[in-house]
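Letters A, B, C, D and E mark the chains in the order given here, with residues in each chain numbered from 1 onward.
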Amino acid sequence: MLKRQHIDKTVQSGFLLIALFSITALFLIMVFLFIEGIPILEHISIKEFVFGKFWYPTDDPADFGILSLILGSVCVTLLSGLMAVPLGIMTAVYLAEIASPRVAEIVKPIVELMASMPSVVIGFFGMVVVAPFIQKLFNIPVGLNMFNASLMLAFMAIPTICSISEDAVFSVPTALKEASFALGATHFETIAKVIIPASLSGICTAVILGLSRAIGETMVVLMAAGGAAMIPSSIFDPVRPLPASIAAEMAEAPFRSEHYHALFAIGIVLFAFTFVFNLIADYISYKFRQVGEASL
Amino acid sequence: MKHNFKMHTQDLSFFYGNFQALHTISIEFIENQVTALIGPSGCGKSTYLRCLNRMNDLIPGIRVKGRAMLDANDIYDPLVDVVSLRRRVGMVFQKPNPFPKSIFENIAYGLKVNGVKDRAKITQIVEKSLKQAAIWDEVKDRLNESALGLSGGQQQRLCIARALAVGPDVLLMDEPASALDPIATQKIEELITTLSSKLTIIIVTHNMQQAARVSDRTAFFYMGKLIEVNDTDTLFTKPALKQTEDYITGRFG
Amino acid sequence: MKHNFKMHTQDLSFFYGNFQALHTISIEFIENQVTALIGPSGCGKSTYLRCLNRMNDLIPGIRVKGRAMLDANDIYDPLVDVVSLRRRVGMVFQKPNPFPKSIFENIAYGLKVNGVKDRAKITQIVEKSLKQAAIWDEVKDRLNESALGLSGGQQQRLCIARALAVGPDVLLMDEPASALDPIATQKIEELITTLSSKLTIIIVTHNMQQAARVSDRTAFFYMGKLIEVNDTDTLFTKPALKQTEDYITGRFG
Amino acid sequence: MIKQRLLAQKIFFLLLKAAALLNGAALLVIVYFMVSRGWRAISWEFLTQPPKDSMTAGGILPCIVGTLSLCLMTIMVALPIGVSSAIYLNEYARQGKLVRIIRLGINNLAGVPSIVFGLFGLAFFCIVLKMGVSIAAGGLTLGIMTLPVIIGASEEALKAVPNTYREASLAMGATKWQTIRKVVLPSAFPGIITGSILGLSRAAGETAPIMYTGAVFFTPDLPGSLLDEVMALPYHIYVLATAGTNIEATRHLQYGTALVLIVLVFGMNLAAIILRSKMRKKLRI
Amino acid sequence: GELVIKGSTTVLPIAQKAAEAYMAEHPDVKISLSGGGSGNGIKAIIDGTADIGNASRFIKQKEVDLAHDKSVYPVPFRVALDAIVPVVNYKNTVDDLSLEQLKDIYLGKITNWSEVGGTPGKIVVISRDSSSGTFGVWKDLVMKKERVIPGALTVPSNGGIVQAVANTPGAIGYVGLGYLNGDIKSVKVNGTPGTEENTLNGSFPIARGLFMFTKGWPTGDTMGFLSFILSQKGQELVKQAGSIPLF
């Protein structure tokens, strides 16, 4: 009869082993990025790599400066954040606080659908529909630019921001809400003064994860950003964010050439960006996690 | 002697969707008296209480029939401003629910949203409310600390002070002492007795001795119906109905 | 007269992390008697009860000191097989919690996990347990319907039947009637009295009349301490301590 | 005074509503363009034939089959690992350093950019494990990418199982594993399936991770083994739109393919959503 | 058998047409085709992930060295000729540019169409990703190894250039002969239009061969396929694909 209990122990260890798989995968990803990315440092210093202004990977001698790519990524992400953050949070508050259950029941799946819209379709849409449109609208030379890419990225970041913020807003204890109402506060005042402050950590997490998603997104920036490896000076300049460079050039970089290593090194930089974003998000949600009813 | 009714409901019925939680309840609440609502779990005490400041409005799919009056006004009249109504009919909840702000800000909150800007006036009302709620001495040196650092009993008195700050006429309390220890409970009970000289208080409790101690009148609910309402003394000593007697003698739950 | 102790604890202390929820509790539970645990909310009744079948083991960060004995065995001995312990010390919870399976499957579950394979035997025990729990007549024609379709009181008796099916020596009940109406409550109370001829029953209740009605002995807890334990009659009529008296007369909560 | 406050509230609520509407509208606009320009391309032939004439005519059957086989591989990898990880985290693990690290790993895995998965898949599966560009390599890459979604969904489903079920089972002398297998998993099953379909629908639409690991420009025959490379819908859209021989002339095929992909992905989502609401109702008896 | 072909997007139309025709003749052969670029094609040969690597340029010394390190001997087959033709938007009035002017435009020295005799407007420079064969040839023959400005839009394929130029009024780009179509306008170079004839007679200055590489001397299906391309019928397809047949 004790057999059952032994099975139990074995099963538990089995599950633990499998649960360690994610960590292992993450670790392997890092290892391979480094194995393939680090050799670029034999040709160029970290400083030259990160702060070099010129990206001419196939010239002889080649230049592997990715500053313009980094700035491209950062600018596109920030601009998309400018659009996605307010829209995402406002929608979240609308869903969690104002919309009737029936409306929410319709809108929530729509947000989920937005999240699952394939990025290639969004990139395609940006390329063939939005680009000519904004080119005419703003009378600019090209429609494939930072603005276009940011707009499309915003579309991708909104569902992330919205659904995580919605969770945060929704999980503010009703007790706090009711306390505010019972004191004669309007719903708006309750949202602004009690609910948002109480869910701020969740909202911050949402924003960071949304931006993290935007900075790592590939197809949209590959298809709609224009692909010019220059430091942008206006929002209508074409840019070449980090993921776009990897996607566009990986196929063509000879195996284990400098270029190949440089692209993996870009992968490291990109990974580092999202890793830091995630650590921050994790820290915020861990540090400020809601414990019980009456705390933040 | 003709009493002055501060609030009363007349044939008040309440529905959560298709489920009727209250059946034609009529009670009068006499000004500056304490009325206790008792009854077994799930009988609709909280629901009824929350009808009196329209807190139930927040729940989707509810429906109200009948009338609930504050003085001479039907609070369910479409023209009624719910926000002002709730300012006049304050509420204290079962679990202490201070905002995650400082003690001072907790009390000042209601004043601020109601448009009081004068700093001096706010400070003055905060002090007065805390004194009324018999907690001033315990917190006067730590007004700027987080309210979450207080003990449960202190938090509950803080919540009472917070409700008092906006100057309500009626105070609704839903099992305000059920999460508290005997000493905190006693303080809250004393406080209720003191406040009742200036306020109309309606309190839900599952503790019959508590009802007996603090209330002037008691209403007994059972399965969404009002079974009996009477002077507390009468209800506990000579209940008119068998059901009431069964409940009081503990044959339930 | 020397009683036979089925279970007893000796200086049992219990910690949730750093919070000590129980302080050196020693109680003896006499075989085939009903012992009631009473005390205000949060005093540790449930915690103590759940120490007796090591249900608390599921909570991370807990610590136990002292001894808890089933017959002559320390149930916290590292060599004890918790799974078998729980089979011998059954439990009924506050809210009826049948599995979302058929009535039959609910009862048969415990048998199956304990390795009973013989279909005929299972059918026979299911019937016996349902009869013991005084619910057989109500469900015998619908054994294959979902248990969730039963009323609250029926569900609770089903849960008792489920606990009985695996043949425990001791039955722990944590406020088994608190969610039920008077009629269902009465049925459960009768059931307890019947069962106590074959089982040792330990019941937590917040209803003192209930404790008085069903139990042979009563233990009064307060703030994690055992204040007084005695024959039920004695404890309710001549409590040895002021605290007990205060509680019994309702000066708490 | 109160009028003012209520007015402020009205304006604020209108703004919020507008934001929500804008989101819905954006989705509608994209879907509208894909449908209005793509539906004409869709025919029986389009769905059942391989591409012809340098992919300027014919259908997308190999892409559909390719995407489905990648999905199959993905779910074969992600579902068992994901559900088991969730079971460990939710049922067995005690809060502690190890769990915190595992969770951190999962969260970070969820945040890894899709192109980095592509790089990893290329370096590890294709080259080191010598799978080459294949369904296996692409599916494994997508599987690892989908893992966090499935873990998350499964954990949520497990959390939603009332604790009382576990306690009741344990109190009858069931072991933990018996409890999980007989009581917890059956109750959590609908949630797990729903979450998995949602995760899979994401994987089906991904391009970057399979660009170098699973998908190729043109291979009209259907795959015969896991080590074959395939065409895939998302990648097909990308190549038709950026690298085709005559991009303008194949516009309708691009829209048509995008429409098929959207229908596939949204179909999965819809199925999941319907499943979920059905199950919720069922559990609510 | 199975045949994996990878590489240059310039060679892609030829390879695809040939593959379709070849598969029709040999139903037992399964060909899969990827683009990516010339570098990718040669790389695939070297690490054995493809049977045939397409390139729109000849193999570089570096790549040869890398191959030899791995004991691989790439064998080139020239399958077609091609010209790289500068293209502008259809509305553009400019129809002739000198090599110098082209270079200055791509260097960013000339930024307005009025400087080269067109209607005033900003020039939008469109180029190919840096490792494409077409880009390599352009860089050698037009840029004389100098660098294209960083602000140039880059697209991943010849087709992409056609599309971008067609959609952008001020754009200039360059594509292989096979990609010229009615959506865009080709520009003469030093007065010479980029045509098959001018390429064959050597008067058009930006011309190149298109190659297929194999790993060692080909055998089996690989050999069959290459023979097919180099046959009369295959060269017919080269012509259909818009490139210049060898004979």
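Here is the rule we use: contacts are C-beta pairs under 8 Å (C-beta built on N, C-alpha and C of every residue); 3 or more make two chains touch, one makes a residue touch a chain.
Because the structure is a prediction, the values reported are computed rather than measured.
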Subunit A and subunit B share contacts with C, D
Contact distance in steps, from subunit A to subunit E
1
Determine which of the two chain pairs, A-C or C-D, is joined by the larger number of C-beta pairs in contact.
C-D
So, comparing C-alpha centroids, which chain is the farthest one from subunit A?
C
So which chain is the furthest away from subunit D, centre to centre on CA atoms?
B
CA centroid of subunit B to CA centroid of subunit C, Å:
36
Would you kindly tell me how far, in whole Å, the mean C-alpha position of subunit D lies from that of subunit A?
17
Averaged over CA atoms, how far is the centre of subunit C from the centre of subunit E? Could you give it in whole Å?
82
Using the touch definition from the top, which residues of subunit D touch two or more other chains?
5-6, 175, 178, 242
Two or more other chains in contact with one residue: find those residues in subunit E.
34-36, 47, 155-156
Multi-partner residues in subunit A (2 or more other chains touched) are 4-5, 8, 186, 189, 251
If I apply the definition of touch given earlier, which pairs of chains qualify?
A-B, A-C, A-D, A-E, B-C, B-D, C-D, D-E
Along subunit D, where are the residues that touch subunit E in the complex?
52-55, 126-127, 132-133, 216-221, 229, 239, 242-248
Can you check the complex and tell me which residues of subunit C touch subunit B?
40-42, 177-182, 185-186, 207-210, 223, 246, 249-253
What residues on subunit B touch subunit D, complex-wise?
81, 83-84, 113, 115
Residue ranges of subunit D in contact with subunit B within the complex
1-2, 5-6
What part of subunit D is in contact with subunit A in the complex they form?
5-6, 8-9, 12-13, 15-17, 19-20, 22-24, 26-27, 30, 33-34, 80-81, 84-85, 87-89, 91-93, 101-102, 104-120, 122-124, 128, 144, 147-148, 151, 175-178, 198, 201-202, 204-208, 211-212, 234-235, 237-238, 241-242, 251, 254, 258, 261-262, 265-266, 268-269, 273
